[in-house]
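Two complexes come next, and they have one chain in common, chain A, joined by chain B in the first and chain C in the second.
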Partner chain A sequence: MTEVTTGSGAAIQVEGLRYSYGDLEAVKGIDFEVQPGQILGFLGPNGAGKSTTIKMLTGQLTPKAGVARVLGIDVATDNPELQARIGVCFEEKNLYINMSARENLEFFASLYGIKDADAEGVLRRVGLADRAKDRVKTFSKGMRQRMMISRAFINKPDVLFLDEPTDGLDPVTSAAIRRTIREEAERGAAVLLTTHDMFEADELSDRVAFINEGEIVALDSAENLKLKYGTRSVKVRLRDGDGVREEILPLDGDGSSSRLAELAASPDLMTIHTEEATLEQIFIQLTGRGLEG
Partner chain B sequence: MSLSRIWKVLRKDLALGPRSPIFLWAIVLPVALTVILQVAFGSLFDPEPRLGIVDEGDSAITAGVEDMEGIELTMLDDEAELKRQVEANDLDAGLILPEGFDEAVKGGEKPVLQFFIGGESYASNRIILTVTTLDLVRELEGSEAPVMVDIVDFGEAGLPISIRLIPVIVFYALVIAGLFVPGSNIVEEKEQGTLTAILVTPVKSAEVLAAKWLFGVILASVMGVASLAMNGAMGSNWAEVVLVVVIAAMLSAMLGVVVGVFAKDSAMMFGIVKGAGIFLFAPAVFYIFPDWPQWIAKLFPLYWIIEPIWQVSVMGESVTTVWSELAVALGITAALGVLAWWLAKRMQAQMAGQ
Partner chain C sequence: MSRTVSRPAIIGALLKKEFKAYSRDTVYLLLTLLVLIAVPIVFRALPDSVDETITLAVSPPVSVLVEEGKDALRDLGATEEQLAELDEADLTGEQEGLLLLEFEDEEEMTGVIEGTVEAWQTEGGEFVFRDKEADEDKPDDAERVNVDIGIAFPAGFISDVATGEDDITVTVYSDAGVPEEIKGAMRSFVREAAYQLAGKELPVDLPAEESIVLGQDRSGDQVTLQEKTRPLLLFMILLMETFSMASLVSTEVLQRTVTAVLVTPAKVGDFLAAKTIFGTALSLSQALIMLALIGGMTAENWSLLLVVLLMGAIMFTGVAMFVGSAGKDFMGQLFYALLFTIPLLIPTFSIMFPGSVAPWVRIIPTYPIIDVLVQSTVYGATWSDSWGSLAYAAVWLVVLYGAGLIALKRKVESL
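The block that comes next holds the complex of A and B.
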């Protein structure tokens, strides 16, 4: 066994990780850590290197350079002990569609050596208990995604890799899935979550890594990123004849406080809202491109 | 490699099998092929002649019919029932042997023998039953046949076409069940991404392939034996027949695993099988056309599995007479196993790179 005790106690520890598909360098030497119970959001557009990183960390791809340890085990060693302690939710809905929901979970539980898996309990967590006996091919896209999440939880993993877990889902299903992810982190699982949804990253992640063209361009909590890169401002809405006029005042700029006081005293004042930069604005600021690219 | 994990994947495949069209096709096709070919060339639906006897005196003729193969004998207690069954075409013919019949024949009395023929019976069955009865009576009398029959063979010498088609049917059973089922199963798991999902659990790719191979071996063995049984070719030593079929299934299933691992998708897999179809089926054709130079068949890899089946099941030879063919078949299987293992590494990288 290639178990290495990491001084930091990190569940995931990555140093100088690289991968290339032929001449295309997909991941260019990234470094990060995820502690137990922590959710790290990997935020970046399609093709940024998020999925390739997950594939290396889950043993699907062998890193070309650098070191990645999950639970202290080098991912390049193809160690079944590591696979037994991780859970993976793929972007692709790769379920056995001719098997029922319960059969899917029981089969995967058996691969982890789990006897008498609580498939019903896991399905209940994702709101699919009443469909346990139905074949997955009869499920909607949202139900299949909830199945994907439940499968990733079936072995009570110490580390969860979630690749775009709410991509394309309705807000209600997305909220349910996010709630379940949070519960897993509260249980103590380290979660690596890839997404190009800034709201999801903001809401779920303890820390956010901006990844672009195979490089991590920023890594911190969402709050700190906003404080560091964003601009605080106030949006003031005023009546203007029959219409409405908006004025945005930077809080950190010279002279903005006197203008704010002036507007606040105006009889046309309707509302005043403080505003902070979104993660997407910061991402654009740092990379020059949007998250949907 | 964990036998427990192999069994778990195999158990899943066996459970899911009946839900797969290709699995069902593998089961139905050999049966359908047997029926079609036997109707066209064989004797599947030719009924055996059915003879009913009312024996009032423990005649030696009854014992003679009982000893014969190929005649379905029904013993009845009374003449009325015999006539009723002949009339209803439940029997082709009926024979009443009165008490003292044998003694009367032996004494040269020429007693009357009542022989009823069913109006709807096949002419061939009537002839067989009539001639058989006359032969048995003559034997009872102790007289020789009044003429010597000179038998001259016409047409092609050798086995009938219905027998020579058996390798084709067994081949279909082995190739569809052994090659197609595990091959398409692997490709389907790749296309649906379920193989990727399995490979991020503690299961290794070699364990998955071992399970797929065993799945093919089990199905091909069952269908191979079933095809031989349906065609009446299990021979007297069924254990040896099963052995050669299992070895054939091992090679066929390993070929299926190699094709499944190599093919990126279903279209590619079916393209490979279609392209290699002649190469695969060529050895079976040599059994239909025995005049062709038989050494050519040895150039094809699947000859080494069909020849042992032919010799042991159809020709009734011992397995020891085909040990060299079986050794070659096992050697090819092992070589294909190494190839599958090597291709599996490439496949895993390809899947992750998609």
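The block that comes next holds the complex of A and C.
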């Protein structure tokens, strides 16, 4: 992996980044950093500014204000070396469907100046090695998404930008893609992942940024966010005649411990579960809106 | 690790991808192959010579008219010497390029002109007539003769003319497709024949005539349909590739694969350069293949043809870029393709119908391209004859290619 040249050692460093489409301000001065080997999950509903942020960081859009550096290079400058060291997985499946999986990867490898690209190896990682010679137009949605991921990896990038990489996929394919993303992070790549799937953000991300209406409303690890904004509690289920009775006890409240001990000793006790807030509940708490929207 | 890749290497990779994408587009590939195979076959089937003979039908036969006239004139007291002059009178103006068909019956003659009766000429020069409605067999070893115009002389025409009768009517029959100019010429021919028979001089002093053909004298060597069609086919090939190139461009834009390309070290300029090179090479190579198959390139015109075809290929690549970036879907692309290509086709009519081009047609960007193609392949024009048209074509090339380039650049940058 290439050593990052920013002072903070961050692979991605963003300060006061802004972008607007005409009068509509899509990104309103956001700040964040992603370290090498770290996965930052951008969690927010559709239209929150996630894709616009990725477009600015990958050179597709020029920021209206603020500074963004990827691998120490200002994204507003036209620097081919930056493009050579990043990998991008788009939300839309923009593959050459009349070309085979291998041809797609070899073509993109050639744009990076990679002569003997290990297309087979990359396809093997995403479980498509046996379809290497097949044209992409014969692929299912899940296979195309795996192709998108494999294309983003073909140049062994130092920074990965993944825009909704598992959107609309079945659980098995999603799990396979998440595993591959994690492997890339373990290799040392910094990963910026946008999603509106709270489970994906929770499972994959070292840190999560809640983005809403172009602003980051919270940024921390999922665990810290839950601790900070969630309520610790336990749910106790008890037999109640022919039915079942539930009781939720806040762990931080006065008298909860004695009540919990009392219920634990009860002959009617069925189960005790710890309860913690989900990222979506925290998001709703912070923004007043859900993630699907 | 610093990774750098040269611009030529990126453009080379993009070109390789363009070729793959083109070769996988079965519709356009098959269409191209079909055109490259079918067009030369059709071209070879076109007439490679022009029949300059004018066929004229007359009724009754000239010999009948003359003998009848002699008898009447003899009764009127004409001497044998005067009658011999009648034999020498050139009633039909018989000369090279005129084929005379004589009919005993005026009705049969009108049937031939009308097309209900076919006229065939045998190898021995005899004429055979076949009634189409009676489903008669076609004669063997005979060539079909088209008769579009005929003259029916009344009985006693010569004697009546010679004696100065006033009420003589000669009927000129013509097919509906015969131009008014030819009908007029036939009427003049009848009048002149009548004056000659009456022994009168025309009431005017005819000026001395000198016929000078400007440019290449094609008398006896008229422009054949093959020669007329050759530049048209070359132009059509260039135009056809506009559609396939526009399809490649719009597919890239609509499927947003260009966005994926532009987050790699490839720049918009590389993308545009690859499209330009591929589009131009595609059109030019096919035009050159067609030229090789249908002929037309000579030691004198090869360089001129190469340059004008190259200019046409670049011009149409610009149009393809514009069309490809404008269409939002297949139908949209088709709409824009037709919107641009139909006006650009208009100058091709100048090939099929020379002399009928309205002055405004000369303003159309493709006119100078067509003009040079026609002049060089048909009339043997050289560089010195073509500078004006080439300069005019160059101006349009810059405008159309520039417009295509800007439109596509703006489009990919806005994705």
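Definition applied: the second predicted complex is superposed on the first by the 288 of 293 C-alpha atoms of A that agree within 3 Å, B and C clash if a C-alpha of one lies under 4 Å from a C-alpha of the other, contacts with A are read in each partner's own complex, and residues count from 1 in each chain.
One rule holds in what follows: a residue touches a chain if its C-beta (ideal position, glycine included) is under 8 Å from a C-beta of that chain, and two chains touch if they have at least 3 such contacts.
What you see is a predicted model; the values in this text were computed from it and never measured.
Chemist: Chain A superposed: clash or fit between chain B and chain C?
Modeler: clash
Chemist: Quick check on the superposed pair: does A:H196 touch chain B, chain C, both, or neither? Answer first, second, both or neither.
Modeler: neither
Chemist: Thinking of the overlay built on chain A, is A:S110 touched by chain B (first), by chain C (second), by both, or by neither?
Modeler: both
Chemist: With both complexes overlaid on chain A, does A:Y21 touch chain B (first), chain C (second), both or neither?
Modeler: After superposing on A, A:Y21 lies in contact with chain B but is clear of chain C.
Chemist: State whether A:P80 touches chain B only (first), chain C only (second), both chains, or neither.
Modeler: A:P80 contacts both chain B and chain C.
Chemist: Per the contact definition in the header, classify A:N94: touching chain B only (first), chain C only (second), both, or neither.
Modeler: A:N94 contacts both chain B and chain C.
Chemist: Now for A:T58: first (chain B), second (chain C), both, or neither, which partner does it touch?
Modeler: A:T58 sits against chain B and chain C alike.
Chemist: In the superposed model, where does chain C crash into chain B, at 79-87, 205-213 or 295-303?
Modeler: 295-303
Chemist: Intersection of chain A residues contacting chain B with those contacting chain C?
Modeler: 58-60, 78, 80-81, 83-84, 86, 88, 90, 92, 94-99, 103, 107-108, 110-113, 151
Chemist: How about chain B: which of its residues touch chain A in the complex?
Modeler: Chain B residues touching chain A: 4-5, 8-9, 12, 15-16, 19-20, 192-194, 196-204, 348-349, 351-353.
Chemist: With touch defined as at the start, can you tell me which chain A residues reach chain C in the complex?
Modeler: Against chain C, the touching part of chain A is residues 2, 58-60, 78, 80-81, 83-86, 88, 90, 92, 94-99, 103, 107-108, 110-113, 135, 151, 155.
Chemist: Could you please specify the touching residues of chain C with respect to chain A in the complex?
Modeler: Residues 1-6, 9-10, 13-14, 16-17, 20-21, 24-25, 255-257, 259-267, 415.
Chemist: Would you pull the chain A residues touching chain B in the complex into a rising list?
Modeler: Where chain A meets chain B, its residues are 21, 55, 58-62, 78, 80-81, 83-84, 86, 88, 90, 92-99, 103, 107-108, 110-113, 151.
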